[in-house]
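Going by the order they are written in, the chains are A, B and C; count residues from 1 in each one.
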Amino acid sequence: MESPKRQDTSNIQSVAPVQQSVVAKSRSRTRSLVITAVLAAISILLSLTPLGYIPVPTAAGNATILQVPTILAAVLEGPLAGGFVGLVFGASSFLHASNVWFKDPLVSVIPRILIGVISYFVYALLARGKNRSWRLVSLLVTGFVGSAVNTILVLGAVYLFFPVTFASLATISLVQGLPEAVVSAILTTAIVAAYLGIVRSNRKSRIS
Amino acid sequence: MSVNDACPLFQFHHVDYMYSSNDDRLNETATTYALRDVSFQIQQGEYVAIVGHNGSGKSTLAKLMTGLLSATAGTVHLQGEPVETYVATGRLPQVVGLVFQDPDSQSVATVVEEDVAFALENLNIPHAEMHERVEAALQRVGMWAYRMREPHLLSGGQKQRVAIASVIAAGPTCLIFDEATSMLDTIGRREIRALMRELAASGHTVITITHHMDEVIDAQRVLVFDKGNLAMDTTPNELFLQEEKVKELHLEVPMQALVARLLRERGLNEDNLGLIAPEEFVARLAKKSVGADINAASDDQIDDIDPPERHTADEPVDIVAKVVEVAHLHHVYMRKTPLETQALSDVSLTIDRGEIAAIVGATGSGKSTLGLYLNGLYQAEPGVVTVLGLDGAAKQSARQLRQRVGMLFQKSEAQIFETLVGDEIAYGPFRFGASVPEARQAVQAAMELVNLDFSWRDRPTFALSGGERRKVATASVLAQNPEILVLDEPTAALDPLARRELIQMLRRLRDERHMTIIFVTHQLEEVVELADKVLVLDHGQLVLAASPAEWLSHPDEVTALGFDLPEAPAYVQSVCRAAHLPLPSPLPLMPAHALVWLGSLCLRDKGGI
Amino acid sequence: MANFELTRYITIGRYVPRDSFIHRLDPRIKLLCFVLWVFAVSAFSSIIIQFVLLLLTTVLFLLAKLPLGYALSGVRPAVPLIGIMLIFEILFARSGPDATVLVHAGWLRVTTGGIALALLSVTRFLSIVWLVSLLTLSTSLSNLTHALEQVLSPLRFARIPVGDIVMMLTIALRFVPLLGEEAERLMKAQAARGADFGTARWWQIIRRTKSVFPILIPLFVGALHRGETLVMAMEVRGYRPGQKRTSYVSLEGRKTDAISLVASVIVVGFFAWCTWGWHLR
């Protein structure tokens, strides 16, 4: 296959390197725009349907996974994307919430933007190396922290703006927040691994 | 355009493309070429079909043509300039438009007209002109009346027409269709094909990627891809002269090519055409039989042709029993909302054990909904559904039904969730309580059925091609070892060979395991080839339940419901129409039988001299 | 999740065309008024003002010729949770020393403050439900996003990419019903393969989480792949982020629009004066 002709052609290709970099740049921006939009769409979908709630034992009877798209946006596309999906998540929980507290934008919106931003920095700090197992661990931690941020900030805002006792909020944050963080960690990891194709190299299927 | 008129529209010069995969687990895939040393030119105004097996690199080619990918080696020129230049300067939409397979993933806006305006907004077209061009584009595809609709409330064919409008609004001279018809029903497909022909006739360059040979015949030129190589660059006529080669390349030999061979054998094809259209066939006959009245052939000489061969199960008598009984079934979606839809109304039917039933109907006619009832997923409210003697409405039997009735959904390749192939296929057996050795055995058997090597069980699912993913999904349903198999459009988007293999597998399942098979399809050829019974749905009503032969013996009724006749009878019908002959009865349904009949026409004429 | 009718829950984009002055209002003005009114509902903590606001929003709703029940139907599933929240607020409110204790038994303490708070929450909640429904039922999604684009456009001077943000929002809204259908199909497909959501014991959090993998993983991954196709479709249609684009839709304000905005400003301003003005004196 390596005929001399073929090598010639590779020279011709260097005609448009500048244009290629322009195209590549604008493509990666379009791409991150669309991926962010898709995650925002999932965020809205989860908040509208029962899909966003997983029946595990918590104070509310189920753990919400509404924060997961925000965390994913932060991990996949960076802090601004995370912030945007967080904003959409917050706005949609403000617009559709059944919870009286969330009808206050300071409680429902601002903390959610911060989930995206903080998750990004957690992941960026941890996932420096390329090692697969380490990336999986970083994802677990990010998923956990992102969800914990959600619980702590939202309840913190509730404490600031609503006259509710501290002890009761602290109890909620443990009973509700801990299982939620576990669920969120597992899901974040599983989804990113499936999307980017991160598999532990020696894994065998159950039937092997 | 004027300056570049001399240049070919597309010029590929020794193009390679390699997907770089950053996964170090599968380093063998990291080095496979999607395209290898491809060179060709396409001139302004040509009508080109691109064919090849699943994964042969056709979509990659379309992306290279539109600058979505850049060649790993070699060059791609558009009107004499590197295609990247067009992309970088934003002129591309004015020259080339690309329509994708999935009508859902290509619209941007929440209203049809704004979606069509999207490209124009990007080109900074002034407001007033933009409105004119949007109207012109929507009028052209016949969707002007739907301009205010939300795209997700349109049918597949309508969505695809909007996608075409939004590409032609920018005024490109060239349109590329990447399997734009493969997810559509008969009507949608016919509309899009007609649109393609019309665009080609009005001077556009049309490049269509397809698995359907009738679309190849429409074109003037065909490029055949095989494992990333450009295997042939020829005309459809030449291509189909080489039957062996065509089969080797995973393609199909269309009826017109079979007729060409027939005439060659009879010495009526001296100019060695590869394809002979019905009108041409009649013309040749008329020329040969000097003065002979062609109507003489209308004798019932073909009476003795067997109806299509049917294998019946080995012990049919004992086990024939009604495994599915549906009586007066109704289904309403989104009850009490503005979007309320009556998806099924008063449907009654029965299916015997070991029978293969095909469900056909236009998009939205309720085919998938009916399938869901057979599986215990929906509980009939008005109506009774009894499957395998179990009451479909009883909650207790739902689980048992799901185990004994396997169901393969539309676009099943998108439903894979496990990381490893083995786990994915074993999911069903485990859910239904199999032990590890049992599951292992079930997985092995299922993988054999779909021609997947058992060693693939430890492969990651994300590294599979679309066709392979479809096989895994099929295997994961078969692993449950169901008694009834329901498949929703299983052959859509498969290449002709894969489609044939699937059909053979289904026939084997019925013959060897007495499985009852119910499948949904838009391809009447498949119905004729496989089904014992055809159920025709129209706007939620079952308008017909009969054997394919009975149904197709009244071609006018078939076409009145919006279907196209299968290839072979359609050919016979056209011949009869052109020669003013009455339709033969029974109408030959399979190509082989049609050929016998057409052959008899030739004989008759010669005898008449 | 028994009946698999997920699309039923997707209530966004349920534009109800009617011939009312609220429907005809310029969407930009509608959006600004909406923000003003939401601000009013969130900011003023006087129970009287909140009652008046609830009354006014109800009147607006009726003026838009929209069925009240339609807005309520969205809230109905939330009623039990609202009840729980109310009880929670009544029981666990931090109230000042001057609050009258109505019931006091062990840790249980019900005060007038707590009850007033609960009442305030309910009125606010209803007002917001009305306002949101009013906006979304009387304005098409497309108009809403265009209005947002123009309302936000001053932010361009702060180098905020308004075009990108609105494009993301449009795509997101376009994708929601699509993904809803997809999720529904996945639920059916996996149920057919024996998936059963919630057979693990209640404390097995990991197993219970894994039981939703069959739906959530293909949903997310499939959606992201779809996104990648869309990127290509946008690019071949000449989209380049950050470029200057013309707009197909042009919005034109009329006199009624100005009047509505001024009226809203006056009403909200009056309440603001009532709340804060008294204290200033």
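The working rule: a residue touches a chain if its C-beta (ideal position, glycine included) is under 8 Å from a C-beta of that chain, and two chains touch if they have at least 3 such contacts.
In this text the structure is predicted, and so the values were computed from the model without any measurement.
Taking each chain's centre as the mean of its CA atoms, C is the chain most distant from chain B.
Set side by side, the interfaces A-C and A-B show unequal numbers of C-beta pairs in contact, with more at A-C. Central chain assignment: B. Criterion: smallest distance from chain C-alpha mean to the mean of all protein C-alpha atoms.
We define each chain's centre as the mean of its Cα atoms; on that basis chain B and chain C are separated by 42 Å. If you average the Cα atoms of chain A and of chain C, the two centres end up 21 Å apart. Look at where the CA atoms of chain A average out and do the same for chain B: the two points lie 37 Å apart. Across the assembly, chain A contributes residues 194 that each touch 2 or more other chains. With touch defined as above, residues shared between interfaces to two or more other chains in chain C number as follows: 170-171, 173-174, 178, 213, 215, 217, 226, 230, 234-235, 239-240. For chain B, the set of residues touching two or more other chains reads 87, 417.
Against chain A, in their complex, chain C makes its touches with residues 1, 6, 9-12, 38, 41-42, 74-75, 77-78, 81-82, 85-86, 88-89, 92-95, 113, 117, 121-122, 124-125, 128, 132, 164-165, 167-176, 178-180, 183, 197-198, 202-203, 205-206, 208-210, 212-213, 215-217, 219-221, 223-224, 226-228, 230-231, 234-235, 239-242. The residues of chain B lying in touch with chain A in their complex are 13-14, 21, 23-25, 36-37, 67, 70-71, 73-75, 82, 84-85, 87-89, 417, 419-423, 426, 430, 436, 439-440, 443, 457-458, 460, 462-463.
Of all residues in chain A, only 26-27, 29-31, 33-42, 44-45, 48-51, 54-57, 60, 63, 65, 69, 72, 84, 88, 95-101, 103-106, 162-165, 168, 179, 182-183, 186-187, 190-191, 194-195 touch chain C in the complex they form. For chain C in complex with chain B, the residues that touch the partner chain are 3-5, 7-8, 13-14, 16, 140-142, 145, 170-171, 173-174, 177-178, 181-182, 185-186, 188-196, 213-215, 217-218, 222, 226, 229-230, 232-240, 243-250.
Taken in their complex, chain A has these residues touching chain B: 1, 5-6, 9-10, 12-13, 15-16, 19-20, 22-23, 193-194, 197, 199, 201, 203-208.
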